[in-house]
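Both of the next two complexes hold chain A, though its partner changes from chain B to chain C.
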Partner chain A sequence: MTDVLSIEDLWVEAGDPRDPVTLVRGVSLSVEAGSVVGLVGESGSGKTVTCMASLGLAGRGVRITRGSVRLGGTELVGADEPTMRRVRGGVVGTVFQDPLGALNPLQRVGDQIAEAVQLHRGGRRRAHRDRVVHLLTQVGVPDPARRARAYPHELSGGMRQRVAIAMALANDPSLVVADEPTTALDVTVQAQVLDVIRRATKDDGRAALIITHDLGLVAEVADRVAVMYAGQIVEKGSVAEVFAAPRHPYTQGLLASRPALEPGRRRLSAMGGRPPLPGSWPVGCAFAPRCPVAVEACTTPPPVDQSDGRWSRCWHPQVESMEGVS
Partner chain B sequence: MSRRSANLSLWLSLGTLLAITLACFLGSALLPDDAGEQALSERLRPPFWSPDALAGSPLGTDAFGRDMLARTLEGGRVSLEVGFGAATGAVLIGTLLGVVAGFWGGWLDRIVMALADVWLAFPFLVIALATVAVVGSDLPVLIALLTLGGWVLPTRVTRTIAQRVRSEDYVVAAAGAGASDAYLMRRHVLPQALPVVLVVWSFTVGALVVIEGALSFLGLGVKPPTPSWGNIMSDGTVYLDTAWWIAAWPATMIVLTVICANGLGNGLRRRWATPDTSRVGEKAAAR
Partner chain C sequence: MSPVLELDAVAKRYAVGGRTLTAVDGVSLRIEAGETYALVGESGCGKSTLARIAAMLGGTDEGRVRWSGKEVSHLGRRRIRAERSHTQFVFQDPSAALSPRMTVGEAVAEPFTITGRSGDVPALLHAVGLDEALAARYPAQLSGGQRQRVVIARALALEPRLLVLDEPVASLDVSVQAQVLNLLADLQEERAISYLLIAHDLAVVSSVADRIGVMYLGRVVEEGPATEVVARPRHPYTQLLIASAPRRDPGERVERIVVSGDPPSPLDLPPGCAFASRCPAATAVCLTQAPPPRELDGVTVRCHHAA
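Let's look at the complex of A and B:
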């Protein structure tokens, strides 16, 4: 399978160039055509920055210092603005966390979707009305022709996120990047929106990179998962393998702290401590201070362990099953 | 102030301002008397309520027997041309600079803002006097000069708006959909700035009409025989004790215009009450 997106050894920093703060340290990640990859991690782990910097959307002062981002055969690091504009919205559609914020409150939602179409296909906005209705139907908005004339505040959170997804799909991109697409929604709506995302990606054979801290979401829609901690990927692999037998102690901790729907009372386990802030990452393994199995060696940068076709960044990857941990 | 009274002041100001403008631009063409036509036998005739009033000159005549009604309207045309023209120019330049500086930031933003600070540090009237003394005071020069006098406020407020809108998620989202910076500024920043720009425009008209009046009063603005409110007032000061009306009519018009321009600005500000527009009111009031 060919890779739609391939990030190689990406380093990102921000702030004063003389005293930069490193946000992403050598992330390598690829998304195969038609597959869905979940990128998980706590706040500040660099998962959003990785994606936004790759698309050149991370904002002022955030710089890629090393590495390569290839999207459908186009190198994006160092690419000029016209190239980036053609790629954004054309090859890759983006969905943001807060659907209310991602829509201009002063414009009708239909116009905003039409705008996304117009930017790549030209013509007048009105000429794309059929396309807008088609897109809204695709994301499950009832009575799309009427809803297209609504302003964002007239729609519910779930409807807004559907509109935002319709915008991302406007030009039939080969990859959808979704940054916490369900986080801002009510739990009851999350499942519906998740369904829309699944249909728009997996079912249509479209690749997706979904940034989230919701492991349940990953288990439901993703084929592969990458776990980030302190600006690095600490473990990646197929969802089935990683969820069944996580190698990295951090992944184990994350999985163990999920509430389980099983009979019997059980305390919800939680990891002690909190993730280190960017700029104060330890020299060795960044997870070592919180790691239940840390040893002396963990104060030096851990190697990547690729035994048995797995991938983890740890001095002593855990090979036993989850039973002993939870 | 209630919404209703805010609207009343808005409509009253707008109506009066429109009436003044129409009267000045149409009236000087429609009136039988020419603003420059002298009648030395009818010098310094008082307004209509006096028994000595001259028929056909309800506002009296000046020291050359020229009709004050015609002069006030014609002078108003010149003053308003300068005021509206310069305010429009200032707002156009300011909006362009402010939106671009706020949106892009970086060195461009620093240069524009430094220029604005430096510009405000100079007393504008002194710069204006010096320029006019050197370059002369043709109408285009005056408009250009006053445009420079008014660019800072619109620049600052639109910059603030551009900075805020720039970091809104929907702008990043639109960029993510492939929009260029120019497109984002035009389609997302400008519509948000527009109400504020209109408010600033109307405050600026008021401020610039006063400055034009001051320059012409000092003999450095519009040159006689072309009348303007400022130079008619200047002519009238000599006769304040005998023919006070010469200075009184243009002075009244300036006061009325400024009150209406500010009333319009305030009314629009209240009608479109947003955090942006209320800040503008504070800034304009602080001047």
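Let's look at the complex of A and C:
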């Protein structure tokens, strides 16, 4: 399979260049055509910065200092603004956590989708009316011709997120990047929107990169997962393998600390400590201070272990299954 | 002994542009000493309004609120203040609940300053698992999890009988949520304190609650022992909530329930069951008659068809 997106050894920093804070260190990640990759991490892990910096959306003062981001053969690191603009909303569609922030409150949603189409395909906005209705149908908006005339505030949260997804799909992108696309939604709506995302990506052969803190979301839609901690990927692999037998102690702890939906009060398996913030990452393995199996060697940077086709950044990856850990 | 909290047919209505929005519609519930009662439901169901009524932060338009047998719903602002130590409120966002200009020590000591009572700030910090050296720090110097511990320490200062916890872990990192939930369980064991927990995450609720009340559009549609509600949900809305929860593992098979339609507007509630428009099991009676509460194996359900 060909890689739609290929991030190689990406380093990102922010702040005063003479005294920068490192946000991302050496992230390599690829997304194949037709596959969904979940990028998981807690606050400050660098998951959002990795994606935003790759798309040139990270904002002022955030700089890529090393590495490469290739999207369908185009190098994005160092690319000029016209190239980036062609990429965003064209080859890449983006969906964010809060659909209200992504939509203009003063414009009918149909016009906004038409504008997204027009930006990349030209022509008059009215000429794209059929495309708008088609896109709204695709994301499961009932009565699309009528809903196209609604303003964002007239729609429910779930409908707004569908509209945002329709906008992301406006120019038939080969990659969809979604940052916490269901976090702001109610649980019954989450399941519906996830279904829309699944259909718009996997089922249509599109690649997707989903950034989230929610392992449940990854289990629902992703084929592959990468787990970030303190600016680095600490484990990556197929969702089935990583969930069934996580190699990195952080992945293990994260999976074990999720409460299960089952009857009966019980004590939860909790990791000690908290995720470190950029600027205060421990030397060596950043997870070592919280790690139940850390040893002396962990104060030096851990190598990547790639035995039996797995990938983890740990001095002693856990090869036993999770049995007994909970 | 009287229950720590009793709500007796409380209701809250707001006037919105000449119409009436019913946020809470005749809810009754009781919480015993040392018990965790979880209210679950989606945004707009009235759970946060009900939490504020329980803590007497917003009054009730109808019905009664009793704290350990004492009716407080008719008390004015000044007289309620004398009763405040009974019930304390913990908000979702600990950053908003703490003054940025007060040190941790000052924040935790504030209830003592206000009431003129004496108290042991280092002991409170210890109780919530914080080093007393943190007393000199400001909230901005703490992590989200530490801030929420400070808020809990302050809420415990006056030794309340009940803590109302509004989404206490929703804003925390996954690896920190479990720590705070375990802390709440430990504090409950040590102090026999009761919790009214407002949450949307059923997995969290199932692991900490003794009783669960499921709210939909201002009403509790199902209520009972948590194990029973989770294992055998009887109301179609509870069934939908449980079926919608994200799966834990990629291979897990989940029976999804597909519903169509949006919930009705709280400004314009239908005469029958409020869930009927989305309910896969709805029949003619559901559209015309509001289902009365029915008792099934210790669970109270408002559904014509629950069995």
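Definition applied: the second predicted complex is superposed on the first by the 320 of 326 C-alpha atoms of A that agree within 3 Å, B and C clash if a C-alpha of one lies under 4 Å from a C-alpha of the other, contacts with A are read in each partner's own complex, and residues count from 1 in each chain.
Convention: contacts are C-beta pairs under 8 Å (C-beta built on N, C-alpha and C of every residue); 3 or more make two chains touch, one makes a residue touch a chain.
As the structure is a prediction and not an experimental result, all values here were calculated from the model.
> Sharing chain A, do chain B and chain C clash or fit in the superposition?
After superposition on chain A, which the two structures share, chain B sits beside chain C with no clash.
> Give the angle at the C-alpha centre of chain A formed by the C-alpha centres of chain B and chain C in the superposed arrangement, rounded to the nearest 10 degrees.
Placing chain A at the corner, the angle measures out to 80 degrees.
> Per the contact definition in the header, classify A:Glu81: touching chain B only (first), chain C only (second), both, or neither.
first
> Tell me which partner touches more residues of chain A in the superposed arrangement, chain B or chain C.
C
> Once the structures are superposed on A, label A:Ile7 by its partner contacts, choosing first (chain B), second (chain C), both or neither.
Neither partner.
> Quick one: classify A:Leu119 as touching chain B (first), chain C (second), both or neither.
So A:Leu119 only meets chain B here.
> Between chain B (first) and chain C (second), which, if any, makes contact with A:Leu55: first, second, both or neither?
It touches chain B, and chain C stays clear.
> Is A:Gln190 touching the first partner chain B, the second partner chain C, both, or neither of them?
A:Gln190 sits against chain C, while chain B stays out of touch.
> In the superposed arrangement, which partner chain does A:Cys285 touch: chain B (first), chain C (second), both, or neither?
neither
> Touching A:Leu217, do we find chain B (first), chain C (second), both, or neither?
In the superposed model, A:Leu217 contacts chain C only, not chain B.
> Quick one: smallest Cα-Cα gap between chain B and chain C in the superposed arrangement, Å?
16
> Across the complex, what residues on chain A touch chain B?
Residue list for chain A touching chain B: 55, 57, 59-60, 81, 85-90, 93-94, 96, 98, 101-106, 112, 115-116, 119-120, 164, 167-168, 170.
> With touch defined as at the start, can you tell me which chain B residues reach chain A in the complex?
105-106, 167-170, 172-180, 183, 187-188, 191-192
> Considering the complex alone, what residue numbers of chain C touch chain A?
That would be residues 36, 42-43, 143-146, 173-179, 181-182, 185, 200-204, 206-210, 226-228, 230-231, 240-252, 256, 259-260, 262 of chain C.
> Can you list the residues on chain A that touch chain C in the complex?
Touching chain C from chain A are residues 42-43, 142, 156-157, 186-191, 194, 213-217, 219-220, 239-240, 243-244, 253-254, 257-272, 274-275, 277.
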